[in-house]
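Quick heads-up: structures coming right below.
Next come two complexes, and both contain chain A; in the first it sits with chain B, in the second with chain C.
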Partner chain A sequence: MTRAPVAPLLFGAALVLLPWSVVRVFLDTPIERQMGTAQKIFYFHLPMAWICMAFAVVCGIAAVVELRRRSVVAGAVAVASAEMVLIAGLGMLISGPIWGHATWGRAWTWDARQVSAALLWLIFASYVLVRRYGAAGSERLAAALAIFGAAEVPVIYYAVKVWKTTHPTTDVVGSLPPSFWAALWPALCALSALSLGLVLVRVRLELLAQQLERQADS
Partner chain B sequence: MSLVGRDKTSSMGPLPRQAWLLVLHDLRQELREREIVSTTVFFTLVVLVMFGLSFASLGTALHPLIAPGLLWLCVMFVGSMTLTRIFDREREADTLRALLVAPVERLAIYLAKATVTLLVLLACMALLVPGLVVLFPGASALATNPSTTIALVVLGCLGYVAVGTLFAAGLATGSGKHVLLAVVLYPVTSPVLLFALVATRALLEHHPRVMTYLGQMAAVDVLLLVLGAWLFEPVLVGVGRARVP
Partner chain C sequence: MSIYTIEWAPPSEPVRGMEAQPHNVDDDGYVAVEGLDRNSVEHIRALEQRAAAKTASDYAHVVWAYGILWALFAGYGVLLWRRTVWLSRSLAQLRGGAETRPGAGR
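For the complex of A and B:
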């Protein structure tokens, strides 16, 4: 999986799509009437939030495989995905408050969606810490953490439905006009290609590191 | 020594009986020593005094806003202390390993440890909740709706215990790295306490959706208990053979 030149292809696609998405977002899309130019953050905030949640689920699934079949590849996928959750999550947690400050007048409102997203980030930060600094056998504990982290994703999704929040509901995405989608797709594809490429490279690095460790032990 | 694929038939009878016997054993040990209950109840009292010193001078109108946070923050502190102590006891005597190789269902071990932790937490809550009502009169709804308060506290503590028991046990079987319990426990138990926080605030503000929030907490508790029970054996002893590419 990791030997095929998939990662360079993904990086190449991202290299083309990222500048194009910036042009679409800033030059070809109309300025939203109520929020003004601050709304442009949406085109990067939303893909980062989706990437963060998608890799949290991937990490959870890989952790299940790692626990049930003790697969080294699944473990490497889980580690790489968790680190991507941290990166995309950081982007989401930084871009969200900038948008919030421009639209609601406050960067952080302790809204259920914001808090649950921050908690997801903390759970995966905890996962990375346990993987890095835990004693022998702690990868099983880390895998359980990843599974609980993945279970937190539906909480983030439904937070705006079950609790009263200031965050826009999930229905907003479906009601976007075609001109907004035309800018959202390139940004989503560019950031997805970049994140997937990075995860594949990280998986390969992790497998090589483990191989080196095994050789050093034997 | 392989722990995988061992004979599951037990000389201690069916699962509920095994769990019950393990709970009785832990409670008997606690009744003899009174170490965990006395230290955690004392710690609850200390936290309560600290909360009082820090926040009791705030106006009554603010009490419904701060009391839920204080309640569940204290559950977090006391819970991590209880879980550490419960598994330290096993670790010091190396009895957790003995328990894992004994002809006992691992699920029974999980259920027994979770039950004992829940009982200790509820004992602390019996002091904490009235204490909060005395220190923060604006949170008196906790006293005027006793049945809802009891349901809220039991459901909140149950969710915490369902997650906490799994991770405390996982760390207890490893070697050292106690500091990781705090690193793991606080983030992973926060989502369930977020549900509890929302429900407590709704109770204090006499919100009509309190029962809905309690229903959500019950659903989350069931999910966490199922996850905790399912993961207990793989986390503690692992399953299957390693697959190296």
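For the complex of A and C:
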């Protein structure tokens, strides 16, 4: 299998965008009036949440394709996306409470958004464990977990609309002033490029492992 | 309550002992310095200390949050790189073994 040049390009973009986003966040964006400097966590916390939810949906779709077409590539995409859900989800679940501790005075409030996000992480942790340690045929069980996890994404999104929560609503993002967006875009692009690059590398790794398994069997 | 929303106004009455002293006619035009009274100065200092403490605490939170995020991605990247190296080596060894096996290539 030839090495795809897309991943190095994405890593190169992330290498340029990450320092630029840090400069924009810390030097070019004004300090938010109510929350102070702690609000700077937002610029990386939000992309983490979006990346986590996006790859949860990708994993769910890939799991459906894997189930229907017995596609090896779809299986590799599902595994790689699930691992990214774990990484980005952990980033979201750690940076969120740190920000909450600074602004709300409490790290964990059992808020509906916090709990549903933690549940999503646990579902994908189960998915990865079943894929890794499950017996033969456990891929179907794992796929069901991935679909269940993807279906939980709208619950996380609407949690702040349906229930009364401490977490800010989704409308906050839309009402951000242009100066805040100017820092959010580079951070979002940098982290998206980095995570997509890592997922592509992981897909290649999974296919390589399967190739090795086939060659060892033959 | 955010420290940025505290409304403050200097006290209307001067604090006892901090009043500007009436100057004497013999003082040859001397005018006492009229600055903020002691209470106001202490109030301002207290607010400044609270703001400084809040900023220092915010910086600590920001450093932790960013540090953990980057460590997560860096750790995952290193893990993938090591697995790629190991898998590529194993695959190369397997291919090498298959080529040197008796009867290979017939």
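One rule holds in what follows: the second predicted complex is superposed on the first by the 215 of 218 C-alpha atoms of A that agree within 3 Å, B and C clash if a C-alpha of one lies under 4 Å from a C-alpha of the other, contacts with A are read in each partner's own complex, and residues count from 1 in each chain.
As a working rule, a residue touches a chain if its C-beta (ideal position, glycine included) is under 8 Å from a C-beta of that chain, and two chains touch if they have at least 3 such contacts.
Since the model is a prediction, treat every value here as computed from it, not as a measurement.
Q: Under the superposition described at the top, does placing chain B and chain C together on chain A give a clash or a fit?
A: Fit: chain B and chain C sit side by side once superposed on chain A.
Q: Based on the superposed arrangement, let me know which partner A:Ala183 touches: chain B (first), chain C (second), both, or neither?
A: In the superposition, A:Ala183 contacts neither chain B nor chain C.
Q: On the A-aligned overlay, A:Cys52 touches which partner chain: chain B = first, chain C = second, or both, or neither?
A: After superposing on A, A:Cys52 lies clear of both chain B and chain C.
Q: Please indicate which partner A:Ala7 is in contact with in the superposed arrangement: first for chain B, second for chain C, both, or neither.
A: The answer is neither, since A:Ala7 touches no partner chain.
Q: I want to verify one number. Taking the Cα centroids, what angle sits at chain A between chain B and chain C, in steps of 10 degrees?
A: 120
Q: Should A:Ala136 be classified as contacting the first partner (chain B), the second (chain C), both, or neither?
A: First partner only.
Q: Given the touch rule stated above, what does A:Leu212 touch, chain B (first), chain C (second), both, or neither?
A: second
Q: Minimum CA distance, chain B versus chain C, superposed model, integer angstrom?
A: 17
Q: List the residues of chain A that touch chain B in one complex and chain C in the other.
A: After superposing on chain A, no chain A residue contacts both chain B and chain C.
Q: List the residues on chain A that touch chain B in their complex, please.
A: By the definition above, chain A touches chain B via 67-73, 112, 115-116, 119, 122-123, 125-126, 129-130, 133-138, 140-141, 143-145, 147-149, 151-152, 155, 162-163, 207, 214.
Q: Could you please specify the touching residues of chain B with respect to chain A in the complex?
A: Going by the criterion above, the answer is residues 163, 166-167, 170-171, 173-177, 180, 183-184, 186-188, 190-191, 194, 198, 216, 223, 227, 231, 234-236, 238-245.
Q: Would you mind writing out the residues of chain A in touch with chain C in their complex?
A: The touching residues are 33-38, 40-41, 44-45, 48, 83, 87, 90-91, 94-95, 98-99, 101-102, 194-195, 198, 201-202, 204-205, 208-209, 211-212, 215-216.
Q: Quick one: which bits of chain C touch chain A in the complex? Just the residue numbers, please.
A: 2, 4-5, 54-55, 57-59, 61-62, 64-66, 68-69, 72-73, 76-77, 80, 83-84, 87-88, 90-91, 94-95, 98
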